[in-house]
Structure formats: structure tokens, C-alpha cells
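Presented sequentially are two complexes of subunit A, the first with subunit B as partner and the second with subunit C.
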Partner chain A sequence: MLIFALLIFSLEGIAQKQRFPKPEFGTGYSQPTPVTPEPRALALEYTDVFVLLIVLSLASWIAIKNRSRKKMVWLSVFTLLYFGFYRDGCICSIGSVQNVALTIFDPGYAISITTLLFFLIPLVFTLYFGRTFCAGACSLGAIQDLLIVNPLSMPQWLRQILGLIPYLYLSLALLFAATGTDFIICRYDPFVGIFRMDAAFHMVVLGIAFLLMGMFIARPYCRFLCPYGVLLNWMSRFSKWHLPITPAACIQCKLCSDSCPFDAIDYPTDEKLVKKRIWGVNRFLVYVILIPIWILTGGFAGSMAHTWISKANSKVYLAELLIRNPEVQNDEKNLDVQAFLSSGKSMEMLVSEATIIRQKFYTGCWIAGGFMGLVIGMTLLNQIIFRTKYDYQPDKGNCYSCVRCVSYCPVK
Partner chain B sequence: MKNKGIVIFLIILTIVIVTVVTLDYYSSKPDELPENPYALNLTSFEKVDNSQIIYTEIRDFTINFSEPAGICCTKDQIYVVGDQKMQIIDSYGKLIHEFKFDQKPTCVYTSAQNIFIGFRKSVSVLTGDGVKIMDWNSFSDSTVITSITEKSGIIFIADAGKRIIRKYNPEGLSLGVIEGKSENEQIHGFIIPSPYFDIAFNADGEFWVVNPGKHALENYTINGDLRTWWKATSVRIEGFSGCCNPAHFAFLPDGSFVTSEKGRVRIKIYKPSGEFLGVVAAPSKFEQNSHPPDLATDNSGNIYALDLDKKMIRQFVKKEK
Partner chain C sequence: MENSYKNSRRDFIKKGTRVSLLLTLGVVGGIGARHLTTEKYVWQIDPFKCTQCGRCATSCVMTPSAVKCIHSFDLCGYCDLCGGYLKPDANQRSTAAENQLCPTAAIQRKYIEEPYFEYVIDEKLCIGCAKCVKGCTSFGNGSLHLQIIQNRCLNCNQCSIARLCPSEAISRVKASNAYKVKGSFTKEG
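Entry: the complex of A and B
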């Protein structure tokens, strides 16, 4: 760790230097807060990838082999300090989803190799070891996890309804990124302002609200918002080695049943309940048949909403604004309008660009709506699918591998 | 209900979160934005305390130029170039001579024997009577000549396009260039973002060059070795700001620097050490965000500013104490 710290400080010396002296604005001028941190030297970016690999390896080892909650907590603290406060929370794997989408749909944008690695490495680790990224390598997860005080168990129906939000958030994030509209995951990251200690007031309120909520609803952002969590959930379901609650045969002592603050422990299947729902075969068939209808309905609903959603794009909004209120061109205080007028572009060019973007939104909203329809259809289908479980075991998709449950297990 | 208080608290937090996100989303629309809180109010920097103004304008005379470009002066004559001509006028504005050229000059310098007219990519050498002796044309395509000076038979030509100072003998033979580079990492050549690159010798024969990108004035030996430099980066009256300032400078007989700036157009004086001394002409005297006036001084310490916007020469003298 000491060598690593020395490496970090020595690399600071090769970070970018100002070619010119910064303008001296020491006369009462308040500088705008930059949206993103200053770029880092390439060597430091690769160092970050290296650190991510080390932290993920350690988290996986702790979760699967060492099974020490204490060590996982200390690793979370390191992650919070390094990826959160030191690295200003950027770039993070969660936000990298948008960079990947943008690089796919915008030929003019090339994702950096380090950003791509930040996107891919946690997914690969999850495919092998479960969501150990969430347990020890995610700064957003760490800050919430360390502040869990009195976690309440939520009813399943509420969890499942709220559990749809990450899919919706992911759909919108990809849609907005692909159309070059906005990086909403970064914009509404509730904790990044805390990490940088320079957030606007309302973002501080947002961050504090999430942290206060997290005292009673464990990891609210991770469970009911995180769009990257959707991908991790999928990967984790197929993970080769996942944290087991018990190291040997489960003795069904039920001691672990209430240990998970995230309600991510599956109980043994209740055979009586299965028998009662034997009529569910017909229901299953109906739900399967309904899935394409859900997809079409979702796609159609999305396409109907595309006009409204596309207003999130500044060009579309500006074009509509100038058509609806041409007099706004005379508003010298309207920075966006004045920036457009001074750009030399004609109104026709703006409208043409806005039309192309809106067409992209139309297609994107069809896909996003269809995806949400699929998610709803599959969620309903899952209500009537019983996978027989004999032991108390982690819900592989939703378990964060935080190792809390392990200490409750009397089996050694 | 179990945990009723906590549930109410959570509902309130949920409402707060939704409200914050909704308000942020809608408040960032072009017609919903608040007034720019980060607008830089430059007007406040244009105000100059009267006590700092140590010169006064005693005379100005309109010149017959549509695009004046450069000025220099001798004991009793002022040389102005612009359009496609050079005018020699006396210190009261009376035209003495006028010479025509086939291209637009950018700068002018008079030595004891000759007049050097700088064009964008060439230099014409004239006798004191205005008879052309020779043209120097062997410059680069990207050359932009902005200033000429001379000492001990060596003519120095500032090339803003190539960011170098060219040295020539009186016959037009190249004697090398000064690149302003040094092993000292603080000095890395001339930074010339716009075609304002001035050079001059002071009364002690010291060669000074403005490095506008660094807001600095640098003193070189004739061989091009850096001897000393000073800089003043600030938006306040004491310093230079923007991409590249000062745009022009000249020397008073005591070695003080007279500087003119673009953007926030103003003329100031710095001591030979580089310490700010006072203001010659405050921004209120010029059209702002416009051209910087070219400067000339005479042996009496008078300052002549060629106002490119008002097409006039403005004469400033030191205020009586």
C-alpha cells in the first residue's frame, strides 16, 4: 500500500502542466464548477485500471475464500477514499455505460481504452465471482453501505415494482447517450458532488437525501436506480463461483434469514405453495403469450412519448422554442439562444438537425419501450415460475456479496 | 403500522429526491435558465482611478488613412504607415511627405540613414528621402512581419507568423534568427496567438521583445540569449490579460516601458524594472474590444498613440505634479 501511495504521488508530477498561467480572477469572480474533473495523465488512468483490478480481485477473494465481513468493510473504505474522494468519482463503471453507448452510435466519438476497461472488467469479474464489484469496488455502493443503520425489510411486491426503475433508467440513459443528448447517470449521480465537495446545493440535498434514506432502506441507489446494476444482475445470475452463505451443507437453522439488509436471500421452496399453484401452468402460458404484446405495447407507448422525451435534447428544445417564440431571439440574457445566433447557423439548419435527432428518438423510444415491455413481461412471468431451492442461498442476481450473511452461519 | 415514523421519513425523502431531480431537469431548459451567474463583468476592470493616470492628452490630429497600421517618430517628424502609403507629418499633424506603395504596410522604423517599411511578407528599405534602395522578399509563406528595429548595423525583424526574430545586415543578408528558446524550462519560445509581436531597443541599447502569450517582456542579447524578463499577468490595471498582451510597446528616454493592450484597450507605463507606474490612457479613451494603438515616443518623453479606430494620432504628455 505504501509503495502504491508513493507511486501515486510520484505520478502526480507528470500530470498535465498549464502552458499558460491561469487567468487571475481574484477580483470577486466566482468560477463555475466544472462538470467533470480535470483530465488525468494517461499513466494515472492506467493506474486506476490497475487499482480496480486489484480491488476486484481482493473483493472476490474476500467474498468467496476469506469470507470476512471486516476485510470487506476496509476494502470498501479504501474504494470510497480512492475511487470516490481521490478520483472525484469519475470515471466510474456505472457512468461508463453511456460512453459505450455513445461510441457505438456516434462515429465522431471514440471511447478511451481505460473507460472501456472500467465498463468491462467488473462485468467479467461478476460473470465469475458474482457482484463483488458492488461489495468492495464501487464507491457509490461503499458510501451507502457504510451508512446502513437500521435496514428495513421491504415487501416483495414493492421491491419488484421499484426494481423496474433501474431498467427504465438504463433505457433512458442509453437513449440519451446514443442520441448525444445528455449523460443523465453522471448528471444525477447523487454522490459525486459529495466526493468532489463542490456540488451545487440541490445536488448536495439529493446526495444527503439518498444517504439518509440508505440508513433505513439499504443501498437505495444500488437497488432501485443503478443502471449498471442491471447488467451486473444479469452477469451474476450466471456467475461460476458465487459467495455461498454456508461453506458446507446448509443445516436450515434460519439464522441467516434476516441477515441480509437487501432482502437478497432466497428461502427454501415451500412445497405447499407450489402445490397450491399447480394451476399456474395455464397462467404461465398466458404470461408467455403476453410477452410479445407487452413488448409491442411498450414500444408503441415509447414511440408515442418520443416527442416529449426528445425535448430533453438541447437542439430539439431550442428549435421548438425558437419556432414557438421567435421573439426570444431578442433576449440577450438567454445564453443558449445567443450562442446559437452567434454560431452562424441558420434556423433551417437547426430545424434539420433537430428533426434528425427526433427521428433517432423515435427509433430509440420504440426500442426502449419494447425493452421495458419485455422486462415487465418477464417480471410477471417470474412471479409464477418456481425454481426449487432446498437451502437458504443468496439470490445470485441481487446479492452484492457483501459477506454480512456469512457471519450468521454457524456451519464452519 | 410498524416503523411508522421511519416510513413517513422515507416518503418525505422520496418526495425530496423526485422534486430535486424534476426541478433540475426543467430549470436547465434554455427558456428557464436563470441569469448567467458566471458572467464576467469586465466593465469594472475598465474603471481607472484618476490618481493612477499620470499622463494627459494634449493633442490629437486626424490622419488621412482608412486603415492605419504603424507609427514611429524621430526628433520632429512622425511616420505613419497604412493603406498603401506612408505619410511623414510634423508634430502638429501637418503633412510633409507622402509615399505610395503597391501593398499595405504593417509597420515602420526609421534609423539614422534609412526608413524600413514592413509589409506582411517583405521589407522595403528607403533612404531618408523616401527613395527605395532595396526590397527583402526572401521570407517564408507564413511570415507576418509586425515590427522592425535596428542597432549597430543589424536590422531586427519580428516575424509573428513564424514566431521568430530575423536578423539582417544592411545589405539584406540574413544573420540568423532569435527563437527565444532556452534550456530554462520557463522560457520556451515566443507565444504569439495573434499577429502582435513587437520589438524595440531602449536608450541603453538593450534589446527587448514582447512575449504576448506569456504577458511578458523579455530582454535578449543581440545573439539571442535571454538576459532577463518580467511579466505581469492580471486582469487588474497593474497587469496584462487575455490571450496575448501587451500588443505594442515603446520606450521612454528613462527606459520605462509604454505598453498598449488589445481587448481592454489602454496604454500604461512600467518602470524599467517592470513595476507598474501608472496609466497614460484609460480604457474610456478608446473603443473597447478593438484594435490596440501602435505607440511611438520622442526624446522629450511625449507619447504618440496611433488610434486605429478613430484614425488619428493622439499625443500624451506627463501631467505636471
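Entry: the complex of A and C
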């Protein structure tokens, strides 16, 4: 009896698998096989790393030894074609920041060696040669650089304030990547749609807006958004070699002073503008003492916002939606709710997962907010530090080594 | 003399910072390298988790989507009354456009022998809307199912469909085994 029941049960099991069993054909029909094309070969990924190395070496050589703007333009054209249009803007070093963050905080995610190299190689190059990556090897930089028409100079205070955005963008990107929520740098990359000739309408509008803006405000993305630029800026400040404007001694002719579309040339210190030293020292001390307060305020503000920010995570959002509005369970059109209900996962499981993620956001928001506080404090502190400069020289942090200024220098 | 001392001090600080930045990069690289993989990973759909919500057709960064329907013929019942091909309220079992479930007529119905019909997906026309998948899974064997076609997929850092997939059916798989075609791929767990 038991065996019989088991037999029926197992038959039922098979029948459930195949409602309509495959027929036996009498006419000698042979079935086709589904086509499953292979992904891009791994060897080609290594080629990308190799191309990056070559392009970076060439860019560094052009910036420091050869000093020819023409060659740099051709190099950025190549970068635009290869990393932009051929590789569809993906893989890029800017986005790799998120992969590194995710692999540090999520042991389940394995970073590919190409991505890690795309993250590290430009930073190491910048540490030795300045931001030659931005000049020649970044497709996003190249597309903006080639479209500069009539760059306008921006006042320093505006540049300083807008210059805080990349720090905010970087901290948010790292926060979202580390919590496994989203890769916002890739999603809001304004130019990737242009490279692919295919994107959502709002992204096309954003991309074209950036390019049009870039005709007058040179490289708007690089200067006021690029999160990778923050890291490159840090590296470049301490770079061993850097593109010099003049090949020999500066004769202070001021010819180069408005050659830079990015306002990245430091002028010699105007002695009249240097404040009285004792007053400067007092202000310096006040600003130094203010830094921990900035950090705490930033961290506190971040932690206050963590509930709101964590809603970007789909699990947290879903859990909150189901708790706040239990009636959405009857909403047939809400795909997320319906999929959750049919998945057989219990509400407790979802809530506990969401709680863990929100806890991560709490810690992350403290760190991100504190970091933003530190950045604001340091920016203020930098306003009153005068390093006496005697010559016209590139601002190493912000200079992209595009080699435009070099041809303005009369010194041979 | 004083000037050269000052310069050497600045150089020393600069060099020290450079070395420490290099070390930091090394440490970050080292931590990253703990979970390093030399294998290439690509995105793929688990057909057993898929709920045919239709977002694959609209959420992909590509138009049309890199997701397309794949027919695993081993599982097909070659039915005349095909739940994936015909609309539920179709008035005729024919290839007439008004009877077809597929919005782009990407499924070709071909007579084999009485009473069996073969259904082949024209990949060029398929937009990955999963309407046929829903029909086949609800009324038939579920031999029609969605897969990410790897030579179309741009392998985005974060798959924009995976981000919105309500059933978390899309995950990274090894490129050496890039497909989860039903039949050779069976339900996990």
C-alpha cells in the first residue's frame, strides 16, 4: 500500500515537471538547439588593461617630456574611440571605485583582477606623473576636453564651493556600493549614453547638457562631479614629477595666466594681499579647532539622514512600504510586492534583512558625514594658508596635464 | 642655506606623503585582492526564480534589451495549443497576427507532424518582454524562458535589470558557464 502511494506520488512529481511530455516524432524531425553566444573573451579584458597602460605611459611621456598639445589631442581622440565608443564606456576607472568598496565590505563579492587594476594603475601613475590619466586616458575627460570652445574663468569662491560636490558624490557612491545598494556612478554617468548611442531620455538630456555646458565651463564633470578625481587630486598633489609650464626658469611674463581653461594655474603670491601674520595665525588656530566640530556636525547630520538615505536600498524600501501600507499587498500592479509575496519569504526575514542593511547605513552615514565635515573644515583652513609662490605654476591637485599652457610660454 | 634646508624639509614631507599614499594604495589593493578572481563574471537570469514581470524589456540599458527568450526544445511539448504562442482568448490556432501573444511576432510556428508544432524564437525580433514565458510557464512546460544573450549584454558594473528585478533572479555567474538554459540547468536548492 505504502509503495503504491509512493509510486503515485513520484508519478505525480514527474507529471508536474512535464505537463506535456515531449513527443516521439515519426518523421525524423531533428530539433534545433538554442543559440547561446559566448560573452566577450577574458583575453580581451586583459587587452584593455594593456591598452590603459600604454595610453597612460604615452600621456605621461607627452606631458612631461614631449610637451606637445597636438599629440595629447590625438591620444585623447584614441581614448575616446577605444574606451568610449568601442568599449561602450565600460570598463572605466571612475566606476571601479565602487567595485573596490563593495569587495572590501562584502566578502561574497569577488572583484575581477582587471577592475582592480583599472582602479590602481591610474592612481599609481598620478602619484608619479600628475593627472595624466585625466588628460589622455579617460574617455569621459576626452569627450569634454575635445569640445571646449570658449572657456570662461570662474571666481575662486565658486570653484571652491562646487569643488565640494565630488567629495559628496564620492562618499555617497562608496556608501551605496559598500551597502550593496546601487552603483550610482555608473547609473548617472552622463556620457555613457552617448558612447553607446542608446540611453534613457533623461540621461541623454543630461549628457548633452553637460557637453553644451562644457563648451563654456571646461570639463564640468571632471571638475565638479568626478568622484575618482578626488582620489587623483590627492595623489597628484604629491606627485614626484609634474607637467611644468615653463621648460626653464619662469620669467613672470603672465602670458600663460589665462591659457588654462580650468583655472588651474597658481599665480605668484601677491604680497599686498597676504594678511598680517599674527591675525592669520589666530584664524588658523580657530579653524583647526573647528575641524573636529565640523566632523562631529557632519557625522551627526549624516546619521540623522540615514533613515531617508537607506530608502534607496530596495529591501529597506520594500520592508518599509509593507509595514507602513499593508494594503499594498492587494495591489496587483505592484510587481515588487507581488514578487515578494509569491517568493514564500516571511515578513520577519525581510524585516531582519532590512534592519541589518539600515544598521550598515547608520554606520556608513556617520563616516560619510564626518568625512564631509572634514572636507569642509580643510577647505576653510586652506583659505588662510599662504604658501608663498614666486612663479606661475600649475596647481598640481587640479591640473589635468592637458599641456595647453605650455605653448603660451615664450621661454625656450 | 636656510632656503635649502626649507626645501629639503618640504621635499621630505612630500616624499613621505607619497610613500604613505603608495602604501595606502597597496593596502587597499591587498584588501581588494583577498577576494580576487581571475575569472570573468557575467550577468544571467535564473529561469526558476524569474516571475516574468516584464521589466527585462524596459530596464536594460540597451534598446532592445539584451535579454531574450530562449527555447529549450528538450522540454517543449510541441503543443498545437501553445500557451506561449497563442493568446488565451485566441479564436483560432493559426499564425494570424491577432492570435499571437508575442507583440513582435518573434515566435515562428512550424508544423512538424500531426498534432505537433515547432516554435522557434527569432532572436532579432525578440524584445525580452516575457509574455510568451508567462504563457508557457502558466499553461505549458515552461520551455520558453528568458536568458541574457551574452554577446549583446554590455556586462554593466551593476546590471540595471538586476537592480529592479523583483524576484532577485539575476546574479553574476562565471563566464565559462554563462547560461542557465532549462534542461541542462535545474532548479537550485
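In the analysis below, the second predicted complex is superposed on the first by the 369 of 412 C-alpha atoms of A that agree within 3 Å, B and C clash if a C-alpha of one lies under 4 Å from a C-alpha of the other, contacts with A are read in each partner's own complex, and residues count from 1 in each chain.
Definition applied: contacts are C-beta pairs under 8 Å (C-beta built on N, C-alpha and C of every residue); 3 or more make two chains touch, one makes a residue touch a chain.
Every value quoted in this text rests on a predicted model; they were computed, and no experiment measured them.
When the two structures are aligned on the shared chain, A:212 is found in touch with subunit B, with no touch to subunit C. Using the contact criterion defined above for the overlaid structures, shared-chain residue A:325 touches subunit B, although it does not reach subunit C. Looking at the superposition, the partner that touches the larger set of subunit A residues, subunit B or subunit C, turns out to be C.
Once the two complexes are laid over each other on the shared chain, residue contacts for A:333 go to subunit B alone; subunit C is not touched.
In the overlay built on the shared chain, the residue A:314 is in contact with subunit B and with subunit C. In the overlay built on the shared chain, the residue A:31 is in contact with subunit B and with subunit C. By the touch criterion defined above, A:235 reaches subunit C but does not reach subunit B. By the touch criterion defined above, A:199 lies against subunit C but remains apart from subunit B after alignment on the C-alpha atoms of chain A.
By the touch criterion defined above, A:361 reaches neither subunit B nor subunit C. When the two complexes are laid over each other on chain A, subunit A has residues 20-21, 23, 25, 27, 29, 31-32, 187, 314, 335-336 in contact with both subunit B and subunit C.
Residues of subunit C that touch subunit A in their complex: 14, 17-18, 21-22, 25, 28-29, 31-42, 51, 53, 55, 61-63, 70-79, 112-113, 116, 118, 120, 123, 140-141, 147, 149-158, 160, 163-164, 166-167, 175, 178-179, 181. The touching residues of subunit A, counted against subunit B in their complex, run 20-21, 23-25, 27, 29-32, 150, 152, 187-188, 190, 202-203, 205-206, 209-210, 212-213, 216-217, 312, 314, 317-318, 321, 325, 328, 333-337. Against subunit A, in their complex, subunit B makes its touches with residues 3, 6, 9-10, 13-14, 16-17, 20-21, 23-25, 29-31, 33, 35-38, 40, 44-45, 191, 213-215, 233-236, 239, 241. Within the complex formed with subunit C, the subunit A residues making contact are 18-23, 25-27, 29, 31-40, 42, 45, 88, 90-91, 95, 98-100, 103-104, 107, 109-113, 116, 119-120, 123-124, 127, 182-183, 186-187, 196, 198-199, 234-235, 238-240, 314, 335-336, 338-340, 342-343.
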